[in-house]
Amino acid sequence: MLFKTVNKLIILVCITCFVMADINVYTHRHYDSDKILFKRFTDITGIKVNVIKGSADQLIQRLKSEGKNSPADILLTVDAGRLVKAKELGLLQSVSSTKLLKNVPEIMRDNENQWFGLSVRARVIVYAKDKVKENELSTYEDLADPKWKGRIVVRSSNNIYNQSLMASLIESNGSENALKWAKAIRNNMARKPRGNDRDQARAVASGVADLAIINTYYLGLLANSSDKNDRKVAKKLKVFFPNQNGRGTHINVSGGAVTASSKNKGEAIRFLEFLTENENQKIFSESNYEYPLDYWNTKAKVHKKWGKFKGDSIHLSILGNNNADAVKIFDLAGWE
Amino acid sequence: MNKIYKYLKNEFFFGINTWNFLSILAFLFIFLPIFLIIYNFNIESENWSHIKENLLFGYVSSTLYLVIGVGLMSTAIGVGCAWFVTCYDFYGRKYIEWILILPMTIPTYIAAYSYYDILEIFNPFFNWSRNNLGLEKTIFVENTLIYLIVIFLFSFVLYPYVYLSSKASLLVQGSRAIEAANTLGIPTNKLLWKVIIPIIRPAVIAGTSLVIMETLNDYAAVEYFGISTLTIGIFRSWFGMYDMESALRLSSFLITFVFLILVFEKFNRKGAKYDNKGGNNFLKRIDIKRGQQSFVILFCLTPFLFGFFIPVARLLTWMMRSDVNLIDLDLVMTAFNTVSISLISSFIIVSLAFFMNFTKNYFNNNAIKKVSQLVILGYAMPGAIIAIGVLKLNSSVNDLFSLIIIGSISGLIFSYAVRFLAIAWQPIESSMEKLGTNTNQASRVLNVKPIKSMVRINFPFLKKPLLIASLIVFIDVSKELPLTLILRPFNFDTLATFTYDLISQAQFFQSSVPSLLIIFISLPAILVINKQAGKKV
Amino acid sequence: MLKTKALNKTYGNQNVLTDFNMSINSGDIVSVVGSSGSGKTTLLRLISGLEKPDSGQIILNNEIVNSENTFIIPEDRDCSLVFQDYALFPNMSMRQNIYFGKNSDNNREKIEQLIQLTKIETIMDKFPHECSGGEQQRVALVRSLAIDPSLILMDEPFSNLDANLKSSLGSIVQKLLKKLKTTAIIVTHDVIDAMVISDRMIVIDEGEIIQEGIPNEIYHNPKSKKIALLFGETNFIPLKFFPGAKNHFFDLKSNESLISIRPNQFRIFDEDTISMEAVFNGKIKSIKKIASEYRLELICDDLTLNISFRNPKKLSVGEKLKVSLL
């Protein structure tokens, strides 16, 4: 009895999903910018956007377990690595869209057009103006130098942003050097990793450490926070883009993909295209302080203040491929 | 062989009827996700040796520190407060008695983030210490401090489990012992250690094991404070290395932890079964001197202060400073969603537990008796692991029937049932034991239908435990985070997921509103539980 | 009306009933007597269907209710069971308890009559915990009779009652059952209860019937030491002392035929009357006065007799005494 009713309910839910020309989005992005973007999309196209928010990893597991019956059309993540993983698991499908090809730089999309970057974030060094001179800073690799002993704070290696940074270091310097680097950084830390990027910025502002490795948009959020303590923190800090004389600063994308199970492929592609359009790219920057896909052309005020930078040019799918190795290296280095 | 056949014949083939069949079916269905988790414990993956060599020790030891610390401290607070409140008379006792349970309304993750910047208080010290004592010592002190803070934090929020169970036990059994001891002229100190503690020990251990399970369940707070517990490790291998097998293997360690605690509790309880007879005469409370009074009051107010007052006060100030519109449609919808899904789940889960317990008792069904001991596993495992199990079940069902069970309200309620059946089960089961098996058998030989016995005898008899079970499930569902987060339908938010969402964007001010709502929704339920638990059976 | 064929039941490794065969006629009141642990309660639970035998058949009213491939659930068996602890429903008044069973509402007239016969009218609105054991016992009995069963099973119905209540309730129950012509099986460890109430008695030990028959007959002619002892203190005297006595049994242990003689079946031998009966000539070892009774131990060669007298002459320890049978 119970089982039957449950089945009926499920079938009902599924049917409603199929019939309406909505698109169903699994997203890791939990920003206000997305609310604005989704609403704009619905206003313009008349297509309703249904959302389940969760961590990308869990959403991927969910997609996997739902298989071809999944109601999801779109998967949005906050890094490229997860998209690579989803592709490996066969959860995504290739799409052909000249608009996407045109709007998304080649290193920021899958070579089989299964996923596309939508906004860019750079992992940079922020430092206390009064403790560090700009000319003391140069590269990520330089932070391993003993002169930084007890002066660095970074968040835990559980975090995907750190894992992606490590993946890029493995690519550029090899696993052995990457491990040496991680060990040295762990030694230079002013404290055991804890808290999120924002807490690292706070730690630097309060004098616990002299510099931190964080994503740029966190600084933007702090600078524009409604809490005046946050704004104070932002004022004390400065951004430094590492490796400008070499391969460039580590960048990553928040990206999207059409799921293999999508029943509304047309609408789903339309949705991705929409997010890469110029006016909407602006919303990513203005509301969430992320860089647009053409980050070198950014018009946002915050970004201008930080200055232009050169981004690492490795293909972002490498971040995904090296992810598991990155985690292991962190483990070996004792970087919690 | 013959024996097995005999057993099966007696317990199943003859005993089978709609009731037994449905009960066992429901149980199997609910147990499936847990079974799938346990089934996968044995699969060894390539990363396992890496985890074993480099991480396992750290995970296990930090989990142990935390569990031991929180266990000891919450027990000390819980038993201490229960002892003072039941056996002494002091100013404001009546109020203190019930405000002490309020921290129960605060989920650990909300408590943790209300203290998110607590370590900043120590920054001046750290800066000084780094210059004067050196980096190594400072880091060591800071690490120790973090453990202490997390242990304090968890203990101040979770001690009510110990407080409630030891208070009930003191009321029922302690009063007689205290009276007997008083007539013998035993001094109070000796009374506490030699008489009271041994008597209430099973109740204390029951409460403490709940505290420990809650501690193991936590992900958000330990993640934030950078403590790598087993739960963190499970997520790290599942998501960092995409290695579900290793994640499940790690969770087997967690289960072992819990299992040991449970065995310990069972073992303990065997020696001293709850005795609810007698103890009807109210205890004559001990009067104390002024100086001692202020100590007692301070002792009882401290956990309330840190476990409820400060978090709520902080949330309230954040709410003042946030620009959230209280009648915001999203917020209202979310609150409505939370209340309604908690009510429905609580109704379904408690009905199920009642139905299964009735079947077990009425038909004296050994099969259900045996399997029902496994129910506790759902609560013992962290919610996130249950989520893995439900996802695994989902893919198996999907492969077989091309049908998905998650992503609907019924799927969500199902997963709540997997997790929370145990907490509905226990109060119902223990009251059912009080009813005894003869009562139901008496109705059987009077040739009435089982349903009549259920409705006319069992339901009225169990009204109170059913109410308490429903309220506890209600509170737990309304706080539930990991299962809801991953298994919910589209556009569906509960206050817990809403809060989590805002916290992950570090919008502390805004997140205060849903957090406060979670707390205020469970407040009335907590008050009813307290009132009922205070009454004598 | 009730037949059991080769019933077997074990708990773990312990045999509770072994090849148990029993047959009961309609309208009989049968008592099943045995020491505790002899399998009496299990027998009732098997008949009522609360438990299943490992093998064997139970036939009730010519219907097989239990066999290798049938099992009729207790709800559908035409029999009712009165529990030892009465098992009244704690949340219901006595009236609600009585009117709980199947079809009891259609039986109103008869039930009210039963209530009057058992004198429980005054407690009908009380709850079980407000009533005495005797009252609860009668309510439990009426509740079971209310469904008009053709067989009623009673498990130690009088064990929780004091002696006074026992005998008065015993006869009430017996009259009631006879009046209703209900067949009954009463399980008890107390033979006196059994003798008061039953037409027929079955003695069981370790799951087997060791004797059955009319109570008085068993009392006078027990088939073993054990059965004789069920009825209280007794003396086992070898048959050779009473050649030609009818009621004797062969005891395997001592390998001789014995006669059971109760302590109160002796009298002081009257030298004046000449008779053919056996005379025991012995020496008094001890005298105890219990209530109005004198108990003596009399040593006659290798026999020690336990004897009780109501009004003895003045006797003292060490004195010689001759006794014969009444």
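For this structure, a couple of remarks:
First chain written, first letter: the chains are A, B and C, and each begins at residue 1.
Simple rule for what comes next: contacts are C-beta pairs under 8 Å (C-beta built on N, C-alpha and C of every residue); 3 or more make two chains touch, one makes a residue touch a chain.
Computed from a predicted structure; not experimentally measured.
If you sketch which chains touch which, the chains link end to end in a single open path, with no loop closing it. Chain centres were defined as the mean of their Cα atoms; on that basis the chain farthest from subunit B turns out to be C. Across A-B and B-C, the chain pair carrying more C-beta contacts is A-B.
With centres defined as mean CA coordinates, subunit C is found 85 Å away from subunit A.
Note: centroid distance subunit A to subunit B, computed from Cα atoms, is 35 Å. Distance from the subunit B centre to the subunit C centre is 53 Å, each centre being the mean of its Cα atoms.
The part of subunit C that touches subunit B in the complex is made up of residues 48-50, 52, 54, 71, 73-77, 79-81, 83, 85, 87-92, 100-103, 143-144, 146-147, 149, 153.
Of all residues in subunit B, only 6, 10, 14-15, 17, 364, 435-436, 438-439, 441-450, 452, 456-457, 460-461 touch subunit C in the complex they form.
The part of subunit B that touches subunit A in the complex is made up of residues 22, 25-26, 29, 47, 50-51, 54-55, 116-117, 120, 123, 126-127, 130, 135, 139, 142-143, 146, 223-226, 228, 232, 235-236, 238-244, 321-323, 387-388, 391-392, 394-395, 398-399, 402-411, 414, 485-492, 497, 501, 504-506, 508-509.
Put simply, subunit A touches subunit B in their complex at residues 1-3, 5-7, 9-11, 13-14, 17, 24, 30-32, 50-55, 57-59, 61-62, 64-67, 69-71, 85, 149-150, 156, 158, 163, 190-196, 198-199, 202, 206-208, 221, 226-227, 323-324, 327-328, 331-332, 336.
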